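Each of the two complexes below includes chain A, the first together with chain B, the second together with chain C.
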Partner chain A sequence: MTDRMTISRRRLLGTAGVAVAMSPFSINIARAQEAKIKIGFPVPLTGPYGTEAEDQVRAAQVAIAEFNEAGGLNGRLAELLVRDDKLNPGEAATRAIELIENDKINFMVGSLSAAVQLAVNNVTKQRKVIFNSISQSDTINEVADFSPYTFHEALNPHMTAGAVGRYAFSKFGKKVVFLTADYAYGTEMVTGFREAGKAFNIEVLGDIRHPIGATDFSTLLPRIQAMKPDILCISNFGRDQQIALKQATDFGMKKQMKIIAPILLYTGRLAAGEAAFEGVIGGTSYYWGIENKIASAKAFNDRFRKMFGGKVPSDYGSLAYGGVKTLLMGAKNAGSVDPEKVIPAVEALKYDYYKGPQFYRKCDHQSVQSVFIIESKAAPKDNPADVFNIIATDEPAEANLRSCEALGHKA
Partner chain B sequence: MTYTVEKAAMTRLPKDGLMDMAYRHRVLLSAVFLLVFPLLVPFKALAVNILIYGLYALGFNLLFGYLGLLSFGHSALFGAGSYACGILLVHYGMPWWAGLLLGTVAGGAMAGIIGMFAIRTSGIYFAMVTLALSQCVYYIFYQATGLTGGENGLRGVNVSDISIFGLHLYFVDPVTRYYVVAACVILALFFLSRILASPFGAVIEATRENEARARASGYDVRRVRLVTFILSGGFCGLAGALQAIHLSIVPIETMHYETSGLVVMMALLGGMGTFFGPFIGAAVFLLLENVVSLWTVHWQLFVGAVFVLCVLFFPRGIWGSVLHWVKK
Partner chain C sequence: MWRAPLQGNSMAGLSLELIGLQLFAGLALGSVYVLLAIGLSLIFGMLTVVNFAHGAFFMLGAYVGLWLLSIGVNFWICLVAVPLIVGGFGLAVERVLIRPLYGRGIDYPLLLTFGLSYIIIELVRIVFGKSGYPVDTPALLQGAVDIGVGYFPLYRLFVMAVTGVILIGLWLFLERTSYGLIIRAGARDPQIVRVLGVNIARVWLMVFGLGCGIAGLGGLLAAPLQGVIPEMGGPILAEAFVVTVVGGMGSLLGAVLAGLLVGVVVSITSLFAPEMAKVAIFALMAVVLLIRPQGFFGRAGLMS
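After this line comes the complex of A and B, so read on.
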């Protein structure tokens, strides 16, 4: 018995030893391929947003492939270094430091959470590496977190909620109730809605908060029904949104009021099914269906379909495409990967890569872009991906962003 | 708990001169190990994380391994150190060393507050009370957005240039950062070793082995527990403060109960009640996590399997088993 145990222990130690010994080794081999433009890409592959993160990786690979096929930067090709940030800011910061110190990346793109992007941003700005964030946050635009090395390709809650609010308040009435997840994202969304509502003199009947990860809204929904609003605005994300919408549908609330949400996720809609989302109106940065009108979207979708077996890119996925592509094109225009040269080149871009015209505002490097207002529908039998109708487009305009002064920037 | 008696017999009454020497110079040996350690790890940021979590696990082990109290609320102590250091640096512009010092004090103070309530209980009740209180602390820090950044975490704990007795160092440099953190950890190891070798250290173990006898011998068991808890908090607080200046952020996740669970796992994996075991536990856990997650998104399955195997076949933990094996 003792002998057998000893053998297995040795074997186990041996295996562990080999695993440990191989790890720095394999990284050294990867490092041997010099002169590539390296893009660090921390995204939450494990955790509740894993589906979105996988799509972000796919879309980023499309941008890399296109850049390399076009000859790269004078023959210098690009490479994507994907890391799992586990949706944890501490892990993301560690991974970001690793990517900069060990892998000597040229640019950083990624993240799928407000806290994670701020963590990565803090690491990159301290080390003067360009970071293009591809998830929503208002805070990253503000002067305390911003740096010349910070870019924000994603929408922010102010823009998203503003676009949806301007559409909904002009059409469905002025009496509004908010149902909000009680954390930074929810609060920022409500602030965005209230700001947009000022121009329409909306009357806020109530702002009901629920903790993140709530599974039961049945005590909150009757209170909302009793307030008799024209519009119910649900500001939460992911699974919370799916459950809230499902229960609101079961309560028959869609007959009494219009339900709007700042963001309708493509992946979330597919996961929850048509009944819960039916008739709900929300915003998005991208929906593949715009390809009928926008040529660049058509080209991006086709390329994506070709590379990934007929799949279409999701909203958060397409942001990764935009985020990687703008930095690579900036480098190409600058003829260099030196951040001090790439920054002005990216600032100078007037680009239309996948969703119509965009540009980065000078003061906070926020991408000024369109917001699509979509309505959920039942998908036709022949195309299960066809889940939204585009009912309006909020055209890109600096006026839809918070002013540079309000963010604390000097003019 | 026969193995602890065996271990005590092994370390206190060594038959072998080499083991005796190793025991006497455990801090020196640990220090030498830490100095060459970065060469074995794929990247420095991970090596620094291992140092920090190793120290955190050592602090936890003082309470769990040596005193025999299982706490599920150590994230509050770790987080208190982290936030104290971060807040003092960001909002009050204090120098880095003051942040570390006061982070340590904050960890101890937080342990004092939680300990006052928790040490009245023991066993599973102690675990539950510490868990509940640490969750209260979590929500206080979560809500104090102005000071802690709340959900977004505290950013801007940037330490770039430091000077120690006229020696100027660039802290952002990975090698410098490792050795500065390592120096703090070695200092902490020295203190821990002193505590364990002191008469008070013997009282800690006596309390664990037989509480009634310790009380009969005239020791105030409750006070011993509180003081040990506060000391444990000090080590965890220092670990937290080091994490704040290493990552330059303090995420709210630092306070989360998962961080409490993590340290239990590390201590068990390495070998509770051994001097250096928790460090080995932290290193193995973080290395596995980082290396395996490069290959597959199912890294949790792999790490979980290793943990289960360890608990089933090496209940003394990795380092505990090695010590046991060497003794044979």
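After this line comes the complex of A and C, so read on.
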């Protein structure tokens, strides 16, 4: 009896021990040692920029795969938590809060809109989570929106429009008409062009704003033709850009003036076809064709091609690669995912991961980088991806950014 | 030639030619609205069905055109084939989905077509993908021609001409054929027409198919102007509804005049305050509704 009792007591104790070991408390301790580094990734998978967003996910996965193959952070691997922000700031903020509070992510990377990135940034900076934004904005650099947890891997409108403006105003003439989508992206780009134009004494003949999501420009184009500018600068995005360029071509405007755009999207060029974009000059943060000159671009493209059936990465896709890669390399260098240790490690990076040398400026965490000036062309039969010529490169220089003081930062 | 004096930057270069060209651009734009609005108006006038899937049929026309062009069918054949295919699909929709809802109140078919538009758009996304495709302007219609006040794209003139042909054809059909007589009688009083021994269900089927076919043709014609994308029917549906409301729900003449008027309003607003162009359409609708709630040529009480 007694023996049996003891046995059963032992059994009981043993079972209890197992039960304790299996309780959520101890699981958390055990997992913490090998838990994955989680990167929240809100992008607009549904909506007008779905094509670009899907490419952002692909490129981010390349960065994750490379980090994990190289052994991660002392064996700790990374994973991407993709969420659909539907191109809506409110939706993005909700997803960001869930990622931080439910999924306990370590870093946030993503967004494809000026307004959405500011909404995400607002969430991350309050909760002291590092966020690397991969879409264009000037505001995110400014002191009111910036925080030590905010990084900006994408170009900003000041850099992009500046580079394109300096190129175009020196070559095609001084009389300029702006045709601009009436929201943050468009107005920031026009400000950038006007700033760059001061040094060339440009004469602005007209500054025409159209509502975002316009499908017809035929009522705006005759007036622009009547103004007889040397340069028509079209600052809009996605489908607006494709339709504006197509219809400007139909109106025969390319014969009368040079058309420039702050950004020529790779995906947009494919969707709109060669005729609409032909001869248009614009800027880009990345075009796969730089691989002939830049070794890191070749390596990135090859890896991307291997993972995704021969596809090449788009401009906005490559930003996602850079945005994820820099944070992971920062964590690796810091030997930790603690934001307070990762921030100085990312600030210290002098990196060349996919487009030549880059670094984050200390005061606003803006990535100082090159801007490529590209011209659209008809793709050769054997390579439908070969749609742009690189005609100039604006080398990385802090002088091309607004000064820290101008942004409100204390130098 | 008289030229307006310069009044600061925004008014620079405002000449009579420009205003003429602007009016013309407005009429050209309006003719696309007309193509969508007459179908809407026809279907509403006859069937009292508010067809929220009309934008989806427009988009479908563009995609059917894209598909036909990609397998080597030429554009001119598409001009006939696309409205037939989309119209045929419209027939099936009326027969299978809408017919069971007759007599159940105006919101039943409204909600059904609203849901149907989402399904059509999603199916197109699954089959053709989310990103858009370019459609080249047919070689014969490329370039701009001098219309007296300035250069205007030949293709847009062609779209105006096609709209004109459709309108004349529709008018002849409704006014000069016995079938048209039945349609007009059916719109006035379906009960009496039925008593007279006419199969009104078949008339409704044909009218729905006809309206959808014209919407499909509109989509095909719009494709070279703006490319194709699954969501392309959304904005134009909103504009076409404004046109039908301004012109009077159910009135064909109203749809035509209101369509052209809306085009001109957009165009002239674009000249003076481009950022207001989109709002101007809805402001026009609000003003018309306040002054004349039934629209230009609408009959009161159709919705009740």
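Note that the second predicted complex is superposed on the first by the 377 of 411 C-alpha atoms of A that agree within 3 Å, B and C clash if a C-alpha of one lies under 4 Å from a C-alpha of the other, contacts with A are read in each partner's own complex, and residues count from 1 in each chain.
By our rule, a contact is a pair of C-beta atoms (placed from the backbone, for glycine too) under 8 Å apart; a residue touches a chain by one contact, two chains touch by 3 or more.
If you're wondering where the values come from, they're calculated on a predicted model, not measured in any experiment.
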| item | value |
| --- | --- |
| First, second, both or neither for A:I243, with chain B first and chain C second | second |
| Which of chain B and chain C A:D145 touches, first, second, both or neither | first |
| First (chain B), second (chain C), both or neither touched by A:R209 | second |
| Chain B versus chain C as contact partner of A:G50, first or second or both or neither | both |
| Contacts of A:G408 with chain B and chain C, given as first, second, both or neither | neither |
| Which superposed partner A:L220 touches (first chain B, second chain C, both, neither) | second |
| Touched partner set for A:G252, first chain B, second chain C, both or neither | second |
| Which of chain B and chain C A:A272 touches, first, second, both or neither | second |
| First, second, both or neither for A:P380, with chain B first and chain C second | neither |
| Intersection of chain A interface sets (partners chain B, chain C) | 50 |
| Of all residues in chain A, those that touch chain B in their complex | 5, 8-9, 12, 16, 19-20, 23-24, 27, 45-46, 50, 83-84, 86, 88-90, 93-94, 97-98, 101-102, 114-115, 118-119, 121-123, 126-127, 137, 139, 144-145, 183-185 |
| In the complex, chain C residues that touch chain A | 9-10, 12-15, 17-18, 21-22, 25-26, 28-29, 130-134, 136-137, 142-144, 150-153, 155-156, 225-227, 229, 231-232, 235-236, 266-267, 270-271, 274-275, 277-279 |
| Chain B to chain A touching residues, read off their complex | 40-46, 49, 150-153, 155-156, 158, 160, 172, 174, 243, 247-249, 251-254, 284, 287, 291, 293-294, 297, 299-300, 309, 313-314, 321, 325 |
| Chain C partner contacts - residues on chain A that touch it in the complex | 48, 50-51, 54, 182, 204-211, 213-216, 218-223, 225-228, 239, 242-243, 246-247, 250-252, 267, 270-273, 275-276 |
